[in-house]
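Two complexes come next, and they have one chain in common, chain A, joined by chain B in the first and chain C in the second.
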Partner chain A sequence: MTMIKIHNLRKRFGRADVVNNFSAEIFKNTIVGFVGPNGSGKSTVINLLTGVETIDHGDIYISDILVKNKKKLINNYSFNISRTYQDPRIFDQMSVLENVLIVLNKRKVLSSFFETKKPFNSSKVEEVLRKVDLWGKRSALAGDLSYGQRKILEFARVLAMDTRICIFDEPFAGLFAEMKLIVSELILDLKASGKTVVLIEHDMDQIVKLADYVLVMNAGKLIAKGKPSKILSRNDILDIYIGKDLHEK
Partner chain B sequence: MEYLIHLAILLSIYAILGISLNLLLGYTGLISLTHASFFGMGAYVTALLLVHTKTSFLLSVLLGVILVMPISTFLGMISDQFNKNDYMLVSLGLNVIIFGLFNNLSNLTNGALGISGIPRPVLFNIDFSSNSNYLLLALVLLLLIYLFSHYIVRTSFGRVLKTIREDENVSKSFGFNTRYYKLVIFVITASMAAVSGSLYASYFSYIDPSSFSVTTSMLILSITIIGGLASLPGTLIGTLFFILFPELLRFVGIPSEEVFQLRQLMFGLIIVLLMMHRPQGFMGKYKL
Partner chain C sequence: MKNNSLLNLDNVTANYGSFKALDRVSLTVGEGEIALLLGPNGSGKSTVLKTIFGLLPIVSGKISLHGLPFKPVSFEMPMNSFALVLQGQKIFPGLSTHENLEIGGFSIKSKELVDKRISEVLDIFPMLIKLMEIKAGLLSGGEQQMLALARSLIANPKIILLDEPTLGLSPKIAKEVFHKIKEINELNKVSFLIADHNLNLLSFLSRRGYYLESGKVTLCGNLDKIFEKHFLKMIMK
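Let's look at the complex of A and B:
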């Protein structure tokens, strides 16, 4: 079953076509590796998908619902999407606990006004923070965490949001081997619990290990899709990915 | 003793203003210079009602708030069209416009001549014409507003305000309609400023537009920043500093006519130093 359908997506910044007639389908309860060299347009596709950027042309369907994405910054939550960013966007001057608690808040102004302490939220936050090993840091300001911990905290928010679609933009970048292991296990857990996971990543070992299939982008276009082990061993893909000269060496 | 009571009343009036701006600036990250206008609106409503009608003080406070609510909703909606940096400039412009109205709507406000003879209230058979009694009234209102603000910042609503301050776009992506949150807190804080204005008018028994100019907005901003952003006790400390500092200048023998100018100079200097070395203020939790 198709979870996300992207049709003829186009985005231009100045004179550059950063995304050029990009079409793809992402299936329910799969882990999709989204790969390509730097500047190939992967993050822009995700930004278009999550409303951080406006679409110039094309359509995005999430669970067969057309996303009206002409305005900037759609409410991802209403489309059951949660995501992390290449550079973690956590709330630096709030505590680690609050950073996770916020995604469990009531959304409406009036109901949030009368929501103070809620046992369910507290236990959920504790469960999530223990899972990512940040419970001991719950009272610390998020801004005081190390880079890796900030990434993990963003990850914890995604876990707490419990959305059907989880998008991770380079989740392994800058992480120690031990943390990488935790993150890859968490990603597998998400799939096991029925989520659809989109993974933008340069670490090909992780992609091969985790992804059910990959989408390869170059110069704003989708150039290949299929099983990771097959696609990522193709010479033309390696030429593009690491450069022809380097590959031939 | 009478002098200390006077200072405590001033402390209560300005602390309410400081707390209201701290909810907006310290917790939501919005720098507003319109608060002196709402302070003025509350003051004028109370002054006009107490001078020309037999309205009770509490009803005049309530009517001040009722007047300020739709006006602040409208102004909040205008301000929301701008990004955070322009927000401050827009709020400055709005204050200048409203200050102009206070000056020029002479039929209503008596223009630059102001309104005098504003009586002190009598409530529940207690006469508040003595300063000691008036202090009680001021402290009760301050306490109510402090507790209400304390409640706000501990709710989920307060938590969303902080995310708007930190990264509004991420907050939006979580499904929060940040526009409504900003508008609601703007109206709440404007109403608090109006309550403070009512207290001010009745205490001094005279008001004119000069008390509600941009300079007053800057002073409220100074109180909030000096005391500490996102800290309610910090605002009380900031107000104490703001009230006591000019008095200390008087004690060291500086003529009272020069105290005002010197106070402005010193506050400016203190803010610059704080921004350089302690941007969160004395007790603050948030750096601008």
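Let's look at the complex of A and C:
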């Protein structure tokens, strides 16, 4: 069953077509790897999908519902999408604990002050922070965390939001081997619990290990899709994206 | 290593407020050597680089260059032959590539010398020549990382402190960046102290490193031995 359908999506920044007639389908309860060289348009597609950028042309359907995001910032919450960013967007002046608590609130300013005290929210925060090994840092200011820990905190917020669609923009960037293992297991858990996961990632080992299929973008266009092991061994993909082995050059 | 050591950290401790970020860290980088900083997230790798560059005050211990102790002051570091390239391609996005390179030479008084250095650095990074008038914020991630590296070379450093040079870069571009680091090291005899997680690529650059955990150096020496002990530790856990 199709969870997200993208049809002829186009986005132009200045005179450059950053996304150019991009069409793709993302199926329910799968992990899709979204790969391509830097600047190929992957993050822009995700920004269009989540309403961070406005669509110039084309359609996006989520669970067969047409998303009209000509205006900025569609209500992701109602579409049940959560996402992370390449550069983690967390609240530096809040504690680790508060950073997760805040995403559990309904989107009303006044009630949010009281909702943080709800027992459900507190136990949910503890559960996700323990999962990502940040419970010991719960009182630390988010701004004092290392880059990898900030990525993990943003990841924890997605876990806490418990949405049907989870989108991760380079979740493994800047993570050490042990943390990569934890994150990859959590992503597999998301799939096992029925979620649809989109992974923008440059770590090909993780893509091959986790993704059911991959979409490859280059210069704003979809250039390949299919099983990771098959697509990522193609010579044209190796040429533009993976490059030669370091010792070959 | 002690005989031709360029940079020495001797029992350096540094704090973030009341939190002990580095705990008696000792390490050495030799002349023309590439040394690596490894360790879990939050172990203090970036903090080591920031402390050496004077962005975090030292509580105790000493840092020396060519055996002579000095107190790091960040804006004086380029004059002391140090360069720091921070995580995440920290270039000035609103300035052109050329202006970014000029800023790299702020410690050089003569404009002619800055221009000469830019032209020498462009010999190493020919891909930047056609991008000189373009705003740096419009460059791709790989180009921005090349620009950050090129800028660090303008003041002719003896050692470059490099934090996660391949962060967010596609595999092909990451390999190109590592080739460039190797080229700079071999041709210009510049030393590097590099913090990164990309273990496969790091072993291409160097075989010697330091493994940090909770602000302490817990393993050092040959990479194979570090990996061996590290994985043993993981299994023991």
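Please note the rule applied: the second predicted complex is superposed on the first by the 232 of 249 C-alpha atoms of A that agree within 3 Å, B and C clash if a C-alpha of one lies under 4 Å from a C-alpha of the other, contacts with A are read in each partner's own complex, and residues count from 1 in each chain.
Criterion: contacts are C-beta pairs under 8 Å (C-beta built on N, C-alpha and C of every residue); 3 or more make two chains touch, one makes a residue touch a chain.
Keep in mind that this is a model prediction, so the values were computed, not measured.
**Student:** Just checking: does A:101 make contact with chain B only, chain C only, both, or neither of them? Give me first, second, both or neither.
**Tutor:** A:101 sits against chain B, while chain C stays out of touch.
**Student:** Regarding the shared-chain residue A:52, is it in contact with chain B (first), chain C (second), both, or neither?
**Tutor:** Touch status of A:52: first partner only.
**Student:** Where does A:240 make contact in the superposed view: on chain B (first), on chain C (second), on both, or on neither?
**Tutor:** After superposition on chain A, A:240 lies in contact with chain C alone.
**Student:** Quick check for you: in the superposed arrangement, does A:148 touch first (chain B), second (chain C), both or neither?
**Tutor:** Only chain C; A:148 stays clear of chain B.
**Student:** When the two structures are overlaid on chain A, which partner does A:173 contact: first (chain B), second (chain C), both, or neither?
**Tutor:** second
**Student:** Contacts for A:36 in the overlay, against chain B (first) and chain C (second): which applies, first, second, both or neither?
**Tutor:** In the superposition, A:36 touches chain C alone.
**Student:** Would you please give the residues of chain A that touch chain B in one complex and also touch chain C in the other complex?
**Tutor:** none
**Student:** Which of the residues in chain B come into contact with chain A in the complex?
**Tutor:** Interface residues on chain B, with respect to chain A: 151-152, 154-157, 159-160, 162-163, 165-167, 169-177, 180-181, 184, 230, 285-287.
**Student:** Which bits of chain A are touching chain C when the two form their complex?
**Tutor:** Residues 36-39, 86-87, 137, 144-149, 152, 170, 173-179, 202, 204, 240-244, 246-247, 249 of chain A touch chain C in their complex.
**Student:** Residues of chain C touching chain A in their complex?
**Tutor:** Checking each residue of chain C against chain A gives 16, 19, 38-43, 46, 87-88, 140-142, 164, 167-176, 178-179, 197, 199, 201, 204, 234.
**Student:** Of all residues in chain A, which touch chain B in the complex?
**Tutor:** Within the complex, chain A contacts chain B at residues 50-52, 73-78, 83, 89, 91-94, 98, 101-103, 105-107, 109, 112-116, 161.
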